[in-house]
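Structures incoming, each one as structure tokens.
The following pair of complexes shares a single chain, chain A, combined with chain B in the former and chain C in the latter.
The block that comes next holds the complex of A and B.
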């Protein structure tokens, strides 16, 4: 599965939990309250487990976590340098 | 200082004496006092033209942005009261509030558009302000462009300080939101006290972290305006990202920060504070719930140049005590006191019958003074219950607000917080303070956060359950923790079950949602 699909599914199933039916890849996840501060921690934990690498605190910033697109771009970059 | 009796006067004074000084900032946008005063008057004149009258309620329903300030001051300048709605609340709750205090107009923004149709359906709204007119909505919308065609001269509406300024809705204990009414006087009494106490000047840059429906925001806006300082709104997205928030404080050169402890603890844990330049930050203020001492000590060590102050008070009274935190000793996690009583406030500690107790005894805190609310909107029964009438000096009667909080006056004049009256439960006949259970849980070094709550048992009494979050990388078994607790709590106060979780449900203001934890626990039994 593509990174963005994995993220998309996790956010929709585990974090949004029916409050919204769809989310766009460019939707602002944070400003729109789609994810709250606990959701961020869950998302970080999910990424760390699923992709098997540690997200440093200084990477948990708005540029990387603002949308599904931003996050998959960040992850793809990180994973590319790891392999 | 001139005599002020209305909350919005300060922005117009600043617009005269310091028109080019920044009043409000949000992301890259900035409104000077001149521009804020002009826009607020235009909104006020527009509202009056729509038919809004003195004493009416106008809702604010949007993600915070630079127009939040225009909305607040425009509504006040029209002689109305503003009612901030939680932008992320479920529609049913929003509709309840709109219907409860009969709001006819909502100031909103494009981001909230998807929800508006459903809201119209459940309320008697007459129009939306702040969005482009929209044929898909059955009621009119008015854009800011339309509003800014109106006159920018200050409307002449005669108000007195007892007029309603804002209503803040909080969850009632029964689950129905209660509207706490504040007047220009109760808002000003607090804001002017705060300016004095924290020596706020026009060179201060005050962050606004709290949502508008949370009373902390009245400090951020009104104390700042009175001092002619700048309010800098934290963008919603950043509030969830500790590292971004820490960088934001640095880049925006914030001098006064005010939030719930949770936001600060997050920054301490994951914000990378050591590498940030916080040299402008002179005050770190916090309120809303107790700040666990071990986290506070670490935060103070990380930010040695800032001063720290704890503010205490229910939304009904604004702030009534404060404590400038003295250096914290390494060898105790004893909670800090809630502090001394504000200079403009009178406190009484009473027993269950309302009889004042001698200093040193634990009882309910009652508060009298100009910062106390007018009452609960549309609920004279609750207002009556919340106020305690007492004869003063033998010749008149006055009201005290019953905080429902248990406190103890210490010999040095500081008050110690003992928890909520309603957080005191009976288990197997013993009286237990749930806050004390939480404090004992938190005293374990591996425990990051803790919540204790009662769960009814088959015998009609209560068992105590608790949920904890471990510190990052922490490791702890329930057995070890219980061993730790047994040295600190009587046996009957040790939780029957302790759940280790990754996270807690939280209220929209960032506090631990103990009710949700409790409901979950009841469902599981």
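The block that comes next holds the complex of A and C.
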């Protein structure tokens, strides 16, 4: 499964706030209130478990977690370096 | 370190429930004595008993809960500001919306519950209750957090301008606020006492601004702070232990100075120093493994829902025991344990049911 699909599914199943049933790849997750502070931390925990990869503190920045697209790009880059 | 905040939130919500359960246990020990003895209430013969001191130690332990929540919120605000180092109003509005709607619903539920218990409300009183979080003991936290989020666009600018001066000033504001609370606690008849009491209101940000600012600065200076706290983590832990004990002694001293048989909860300056050092030590030990950390990390994201819902279930449980099994009130620690279990598990069960039912779309509006 593609990184963005995995992230989409997790966000929609576990984190999404309000009545949203879909989220766009470029939707601003925080500004649009799709997820909250603890949602970001849950995302970090999920990524670490799912992709077996530790997210360094300096990478936990809004620019990497702004949208599904931003997060997918960040993850793909990190996973490519790892392999 | 960032993942530590999930664990911290989980720990903090357990402590919040424990704190309010302790409050009810004091009620059982001193104000409900007539239900299980021939004595009339209130009766303070259990003051300074083994159970009392055990509760006091627990009560001191849970003090950093609200500072922890505020610190995590401040950290999140600086995270949201990102490289732009600015917070927009859309961020503030979104945060306030998801705090205010569930808060309003649960406050209303508490008010309705109290109406059935023959409490009368005037329109002015209702407005005051909603604005200052008086519908339940714990609710002052929500207006407090909302006001800090409303201030966050300004605070983040100041934090980015010079974080040391910013932290120093917010610490000073908080220290002064706590200092002027001492005459209020001891009941000194000063002309400014009503004002001192007002600025120490739980819902007012001045007495808590440092915690939110501290979280913001942690977000901005993460790697430096992480390293600094790691280096001095043992010192911080030892200092926190000293202030933990000092806080217990101080409270008994204040009780004696006040000349009263009982005084309500106040967070003193000594308590604040304890909170600061224990929270910093917790961050300093960021790589240490804590028992049940996985479970507590899972509890962290549910903290706001538990926070809002637990008060109602604690009241129902405590009053239920008072009316139907008053013999239990004679066993403070068993009573406490029952309340903690009910206060934690009932909201969690309710949240689980809501999430897996057709009510899922409104989950956020109920539990945040």
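Just so it is clear, the second predicted complex is superposed on the first by the 81 of 83 C-alpha atoms of A that agree within 3 Å, B and C clash if a C-alpha of one lies under 4 Å from a C-alpha of the other, contacts with A are read in each partner's own complex, and residues count from 1 in each chain.
Criterion: a residue touches a chain if its C-beta (ideal position, glycine included) is under 8 Å from a C-beta of that chain, and two chains touch if they have at least 3 such contacts.
Every value quoted in this text rests on a predicted model; they were computed, and no experiment measured them.
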| item | value |
| --- | --- |
| Clash-or-fit label for the pair chain B, chain C on chain A | clash |
| First, second, both or neither for A:58, with chain B first and chain C second | both |
| Touched partner set for A:17, first chain B, second chain C, both or neither | second |
| Which superposed partner A:36 touches (first chain B, second chain C, both, neither) | both |
| Contacts of A:27 with chain B and chain C, given as first, second, both or neither | neither |
| Clash-bearing segment of chain B relative to chain C, given 132-140, 186-194, 204-212 or 222-230 | 204-212 |
| Contact residues of chain A, present in both the chain B and the chain C interface | 30-33, 36-42, 45, 57-58, 60-62, 66 |
| Chain A contact footprint on chain B (complex, rising order) | 63, 87-88, 111, 235-244, 247, 266, 270-272, 502-506, 510 |
| Residues of chain C defined as touching chain A within the complex | 1-3, 5-6, 9, 72-73, 75-76, 79-83, 88, 90-91, 94-95, 97-98, 222-223, 226, 297, 300-301, 303, 361-362, 364-365, 368 |
| Residues of chain A defined as touching chain B within the complex | 28, 30-33, 35-42, 45, 57-62, 65-66 |
| Complex interface listing, chain A residues touching chain C | 17-19, 30-33, 36-42, 44-45, 48, 55, 57-58, 60-63, 66 |
